[in-house]
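Going in written order, the chains are labelled A, B, C, D, E, F, G and H, and every chain counts its residues from 1.
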Amino acid sequence: DVAELDLGRAARRGYPEAIYCEGKTSEQVRAIAERLRAAAADGTTSGAVLFTRASAEHAEAVLDVLPDAVHDETARLLAWPPDPPAPSGGLVAVFCAGTSDLPVAREAVLTARYLGRATELVVDVGVAGLHRILARRDLIDRARAIVVVAGMDGALPSVVAGLAASPVVAVPTSVGYGAAFGGLAPLLSMLNSCSPGIGVVNIDNGYGAGHLAAQIAAPWSPTAERA
Amino acid sequence: DVAELDLGRAARRGYPEAIYCEGKTSEQVRAIAERLRAAAADGTTSGAVLFTRASAEHAEAVLDVLPDAVHDETARLLAWPPDPPAPSGGLVAVFCAGTSDLPVAREAVLTARYLGRATELVVDVGVAGLHRILARRDLIDRARAIVVVAGMDGALPSVVAGLAASPVVAVPTSVGYGAAFGGLAPLLSMLNSCSPGIGVVNIDNGYGAGHLAAQIAAPWSPTAERA
Amino acid sequence: DVAELDLGRAARRGYPEAIYCEGKTSEQVRAIAERLRAAAADGTTSGAVLFTRASAEHAEAVLDVLPDAVHDETARLLAWPPDPPAPSGGLVAVFCAGTSDLPVAREAVLTARYLGRATELVVDVGVAGLHRILARRDLIDRARAIVVVAGMDGALPSVVAGLAASPVVAVPTSVGYGAAFGGLAPLLSMLNSCSPGIGVVNIDNGYGAGHLAAQIAAPWSPTAERA
Amino acid sequence: DVAELDLGRAARRGYPEAIYCEGKTSEQVRAIAERLRAAAADGTTSGAVLFTRASAEHAEAVLDVLPDAVHDETARLLAWPPDPPAPSGGLVAVFCAGTSDLPVAREAVLTARYLGRATELVVDVGVAGLHRILARRDLIDRARAIVVVAGMDGALPSVVAGLAASPVVAVPTSVGYGAAFGGLAPLLSMLNSCSPGIGVVNIDNGYGAGHLAAQIAAPWSPTAERA
Amino acid sequence: DVAELDLGRAARRGYPEAIYCEGKTSEQVRAIAERLRAAAADGTTSGAVLFTRASAEHAEAVLDVLPDAVHDETARLLAWPPDPPAPSGGLVAVFCAGTSDLPVAREAVLTARYLGRATELVVDVGVAGLHRILARRDLIDRARAIVVVAGMDGALPSVVAGLAASPVVAVPTSVGYGAAFGGLAPLLSMLNSCSPGIGVVNIDNGYGAGHLAAQIAAPWSPTAERA
Amino acid sequence: DVAELDLGRAARRGYPEAIYCEGKTSEQVRAIAERLRAAAADGTTSGAVLFTRASAEHAEAVLDVLPDAVHDETARLLAWPPDPPAPSGGLVAVFCAGTSDLPVAREAVLTARYLGRATELVVDVGVAGLHRILARRDLIDRARAIVVVAGMDGALPSVVAGLAASPVVAVPTSVGYGAAFGGLAPLLSMLNSCSPGIGVVNIDNGYGAGHLAAQIAAPWSPTAERA
Amino acid sequence: DVAELDLGRAARRGYPEAIYCEGKTSEQVRAIAERLRAAAADGTTSGAVLFTRASAEHAEAVLDVLPDAVHDETARLLAWPPDPPAPSGGLVAVFCAGTSDLPVAREAVLTARYLGRATELVVDVGVAGLHRILARRDLIDRARAIVVVAGMDGALPSVVAGLAASPVVAVPTSVGYGAAFGGLAPLLSMLNSCSPGIGVVNIDNGYGAGHLAAQIAAPWSPTAERA
Amino acid sequence: DVAELDLGRAARRGYPEAIYCEGKTSEQVRAIAERLRAAAADGTTSGAVLFTRASAEHAEAVLDVLPDAVHDETARLLAWPPDPPAPSGGLVAVFCAGTSDLPVAREAVLTARYLGRATELVVDVGVAGLHRILARRDLIDRARAIVVVAGMDGALPSVVAGLAASPVVAVPTSVGYGAAFGGLAPLLSMLNSCSPGIGVVNIDNGYGAGHLAAQIAAPWSPTAERA
């Protein structure tokens, strides 16, 4: 068989497995969608099903099986069932440095939302025009978790973390050219931030950032233990 | 003048500036210690003062000025005042894969503790003997934030995150040789984890990991806004 | 002339040369197929002929000359004659971490099988859901040689080798994106495994892994010398 | 506690844990030696204890606790008890390209020998004088597993594997300078060998190579299963 | 002979050759100092003589020959004659992100000053505490050329250039550890700045930055041509 | 909203924001063009609008909104309004090493011209035929800022800077193959130039080079301060 | 103008300039062909005109202007006039390791031949089947210059140089995948050869190899000086 | 035994083996020196014995055995017998860009001289002061082989080859810092030279350059074959 889905992940971790579509055929994705529909029906798994990095062909296969799934073409993501859960926990704020970083930022927003958090997105507030991020200090203060998405010099997370009480999840993007080396430049910049309080995820990994932010902002009662 | 301390950071972010000693002369470190003592005295700043990556000479300069500072030689860290604040928020669990990762793990533990969290440390539970980490599932479940420190293959964070509800802060170390390339191997491994829910910090950056974990596990009331 | 086939390899090493199709024109591949057919007919060489990394055009050229060849499109491999030899020696087990690693895993399986070994394949047992590989300890114990195929963090071979008496052949894949750097991340991870007993082959080199596993699991009588 | 030894590894895998000394203090190594002596005494573990990459100080600490341990200064390795087990299984042949590769080659030889194999070592047979390795075809044919150690161009494993029926374990070394980049050049060369049948270990990892070769050459009866 | 000094550079370019001491013996440096003294005496060359990256031994050799030379130990630089020329052209402002960047910043300051410019230096104004650089907007506005020195994330030049009319010369430093990779991280960050108007020099190259800034801020009359 | 244009940049820095088209959809580029047209109309911003790295589709969108914009297909750049400002300040000279570097060189020329400088362009004067650049010493002497564009070995800036009083802005290009590694070779060469007085911009970044050169050659009166 | 041809190179160096087509438009290539035809007609330059790395479109443009030019599609090279000069000097032997290296090998052969040398080509004699190159020792002995072309492990030049009195020009190719990193693996291997007597050219640079070999094998009379 | 000297190399290739001392103990070097003395005495080998990259301790061991050996401390080389052979063939010219490159340049000079060529050395003629190399065109014209040694930008070989009829052997050095990355910058620059006719050797490999140049400039009679 071609897939051994981790259906117990929702029970074990509190968040279900997502399907990474790249490198899978549309037939494989379709088969996986069918199994997930069945597992949701019989309660083997729970929570929103996400298909990430989906091409148009992958999306078609998913929509064949789950016709009411939401398909966000910018984020290359499909979510099912279409309505995200009612938000709990704290707010997840997502900032991106430039318009070209939008696909990754949206992937983060949608992931956090379908994993149960309220989200706010602000686009195109890079440090070349510093007044733009400085005008958002209120949102920085309200958020329980902050995602910052940036390509090129990757300088925005350092600036945001320097202003924030809450943890920053930094996402380098492959936006840029030449010595950006496919996102290596912002990746290294973020790993070496002079502002502490930043956790870095893989280049272009909006999914991972949204997942981590959702966990950080999750509801938690300090005296109780997790069941 | 040689330093313009960010004394307002405690008020702005909730966590004071730490002093990175590498590349500074002992005289510079001593002068900084004096200014911090004065700033603490007159209330310009608040919270624990940390000196990180301190050599023996740096430590001597600090202890001259702040004789009751705690000096952890393994972690190359000094903290003052010597008593950490009473712990608030959730538990920070720190796991390290091998004995050789201990200095970095202790730096994370001490940082989180002096920033106000309760901590637990478990050493030498790498995946080569998988039963060791599997025996700690209870601690994984109790922690509000988990730090995983590993060199060589950097595989432990993937295994821990695959079991955890809480966020994992992964710290690659320079433990290893040859194609570890000074920690590049575990760094890349952690960035590419097949388990979502991992934020990565710089190689050997126990300080950054402890700081981030302290923020994740900080007390937070979902309805209130930060003052 | 454009090729000087190593027809004596089967006699010299016990395993015949395989044809690496990438970078060859279809005409060149066709000419090579013809020569191999003739060499097999007159006994200049022996054993299964493998064409690796074959495009659709390459496959067509091979099938023109050797119409009964087996063509596995997933593995991009052709084998002739179509029936593998009767298996001898020990079992070769092949595990892969994700569905997207399947093409490489199948290339390993088919290579080992056509070189004379029994094989078993298990797909999608990555460490993000650790119970999946732990459920296969019986197969790990029965195998004389184990191939582990993984992209992204490349953590699976460390876990498998930590459980196994038999040698592990680790194959990093180019599955992943960003800081996976085309397979560099799992490659470095595997080279730096904290579990000894792992030999690494090139990124995506299912052929090399299958070949090496076939040699490890080959029949051998400790007192006799090779003829 | 600073170490959680994997004492069950001998029972689980057939080969006990080795102690990687780099990054450990002499006190930690001494404490580990004491625990291993106790574990050997009460049968919690079995087999030879190896201390790898040991400095003079590490060695002193080990010899304090285990005075009859064998210390090979070239290989930076200590073994205890001093007598290796009676050899079983097939022969492990170790070739190294230059005299400067000798420390790594000896580490491989001693590891394989203490894990139970007969070994033969041949030094300084690099491809610059090809007649030297061609004169050893008999040993290549007799070995059940072959370790090839080389720095600089890393060309020797390709030549040996092209002549051998048995698997080759290739060990790149940091011997060389400039564009050898600490062993990167031979590492890449070995991973890209045009001769199939090579498993690569980390740069300078004689320990890993000896371990893997010992497993390849281990006694095995095709019909029986491992207990 | 071991050196063929470019004595005509002052006449040709307007700025004399400086001596890079690394990799030269003290005897070679002494001989060069003697020749420069003679060339200055007979008018073969003109302007300040700079010895860069000088060790204590190099400095001693220079001071033997040119006892009134100025030796800045922090910058590892010697200048002779000791008095810089009267400043002409515009102001060169030098900012550095942290105290540890001070040696490189001083090398830039002294180079620009001995090449004829007025300079101002501001230390420890990194983006982690953004108010520090924002408080210097007046100096940013007054400068004809701005040098920004930063290690770690290299984010400061992007912020400064985003505020400045004048050109920014960015100097990455090797301050940092781990994934800073000896200054690669800030180097890439600066090359990929989202703020245009930045020219980057080599890692730790305070000399080159000071030289370039001196040229940018040089006096120039738009209608006249250079003689 | 998808863009938060930095309309104040012209007032703040003296040079307006340019639009980086890569990674933006044509719809986004069209919307941005509309906003810029409105901002120019109501005086919110001033100066030439540049669209860089524009595909044919991007260009079409821009020309729909700003039909009189100039579109340079070689440089992949659009400028509006079509007439550059009357040149002020000093001359910007642009040299490129080979014909294949022309697109980057033209991007630099047009950027400097639309930011207000006079420009001269010389093509195909690489060091393989040294007489070609030596014949241009007059232009080197007349220029207030010099841009040198080169791929492959990136040797031309070192030669030009060795002859020039004025600052050199060096632009590595991705022209070349193999070990040029997409422009890494000339980038490193330029950063390590043995001739001081070079500021390096990103690979293929003609825009950044033209911008920096325009700032260097800007009119400036040493006694006045910028308003 | 878009090109400033180095027409004096034939007189200056003895070998005329070749045209690198990549990155040039067909129109530019056509214009260059016209100028070269004119320069050959009026004696401004001499010798064979080579167009390298020519696409089908480039070739068409050249053939429009120089209809009797020879076009080798494998080598992507055009030469004019069609007949190479009568060979002088010593023999250039070209060996390539695999069939996939043939395009690069042919580029070297044609370049050397059009620059005036006799050439012999041998294909597919990689070290995996060592007898193949050993069977060519006679050609190795007869050649005044030897070109060795290899991808993957790049081991063949070390073996050939170890047998040869004459210089070896080594050409790494981009043949291979994964950790070959586009030819980096054989490049590093060749630079680190344990056999002295090897000069390395860029990855896939058959032109440079043929040119260098032609110079090495050029006629030379030890007592006379070059005119 | 620890070394299997390639004593037949002089007969086979015309040039004897050299001993690479790095990574060898002084005892090993002494033993090798004894064997070489014996082999020279009984005619098993012939020609000059070279010990390369020798530390002071290595040198002492050699001089103990071969007291009349010449020891060049700058080049870290020993040669025996002390008198080089009478020069034959053409002239080898060695240029180096800076004084700091002298050790590598001298290693090349001595190697070529002891292998039988006349040599001339010119130091400190880098492209920052172009007139220096242009003043040596006569030597460039007289040489049968040219070695160019350069660190930093590695630009000198491109300039020299652009002027030369004879082949250029380019040697990158580790002179420089920061983004020179231990010689990577000049290495890449030289591999990507815009001037054809350059063969590159390893970083700092003066030995290899001298050897290759000696072979290029070796006497050769076009009609005779090598015995």
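To be clear about the criterion, contacts are C-beta pairs under 8 Å (C-beta built on N, C-alpha and C of every residue); 3 or more make two chains touch, one makes a residue touch a chain.
Computed from a prediction, not measured in an experiment: that's the story for all the values here.
**Q** Check A-B, C-G or B-C against F-G and flag the pair whose interface repeats it, over half of the contact pairs matching by residue number.
**A** Answer for F-G: the repeating interface is C-G.
**Q** When the C-alpha atoms of subunit A and subunit G are each averaged to a single point, how far apart are the two points in Å?
**A** 51
**Q** Return the distance between the CA-based centres of subunit D and subunit G, expressed in whole Å.
**A** 44
**Q** Measuring centre to centre with CA averages, how many angstrom lie between subunit C and subunit D?
**A** About 25 Å, centre to centre.
**Q** Could you check subunit D for residues that touch two or more other chains and list them?
**A** In subunit D, the residues touching two or more other chains are 98, 128-129, 162-163, 178-180, 184, 187, 191-192, 202-203.
**Q** Please give all chain pairs that are in touch with each other.
**A** Here the touching chain pairs work out to A-B, A-C, A-E, A-F, B-C, B-D, B-E, C-D, C-G, D-G, D-H, E-F, E-H, F-G, F-H, G-H.
**Q** Which residues of subunit C touch subunit A once you look at their complex with the stated criterion?
**A** For subunit C paired with subunit A, touching residues are 98-102, 123-125, 128-129, 131-132, 175, 177-180.
**Q** Enumerate the contact residues on subunit C facing subunit D in the complex.
**A** Interface residues on the subunit C side: 12-15, 18, 89-90, 141-142, 144, 162-167, 169, 187, 191-192, 196-203, 207-208, 211-212, 215-216, 218-220, 222, 225-226.
**Q** Spell out the part of subunit F that touches subunit A in their complex, as residue ranges.
**A** 1-6, 8-9, 17, 20, 22-24, 28, 32, 53, 172, 174, 182-184, 187, 202-205
**Q** Please name which positions on subunit E make contact with subunit A in the complex.
**A** Where subunit E meets subunit A, its residues are 97-98, 126-130, 151-155, 158-159, 161-163, 176, 178-181, 184-186, 188-195.
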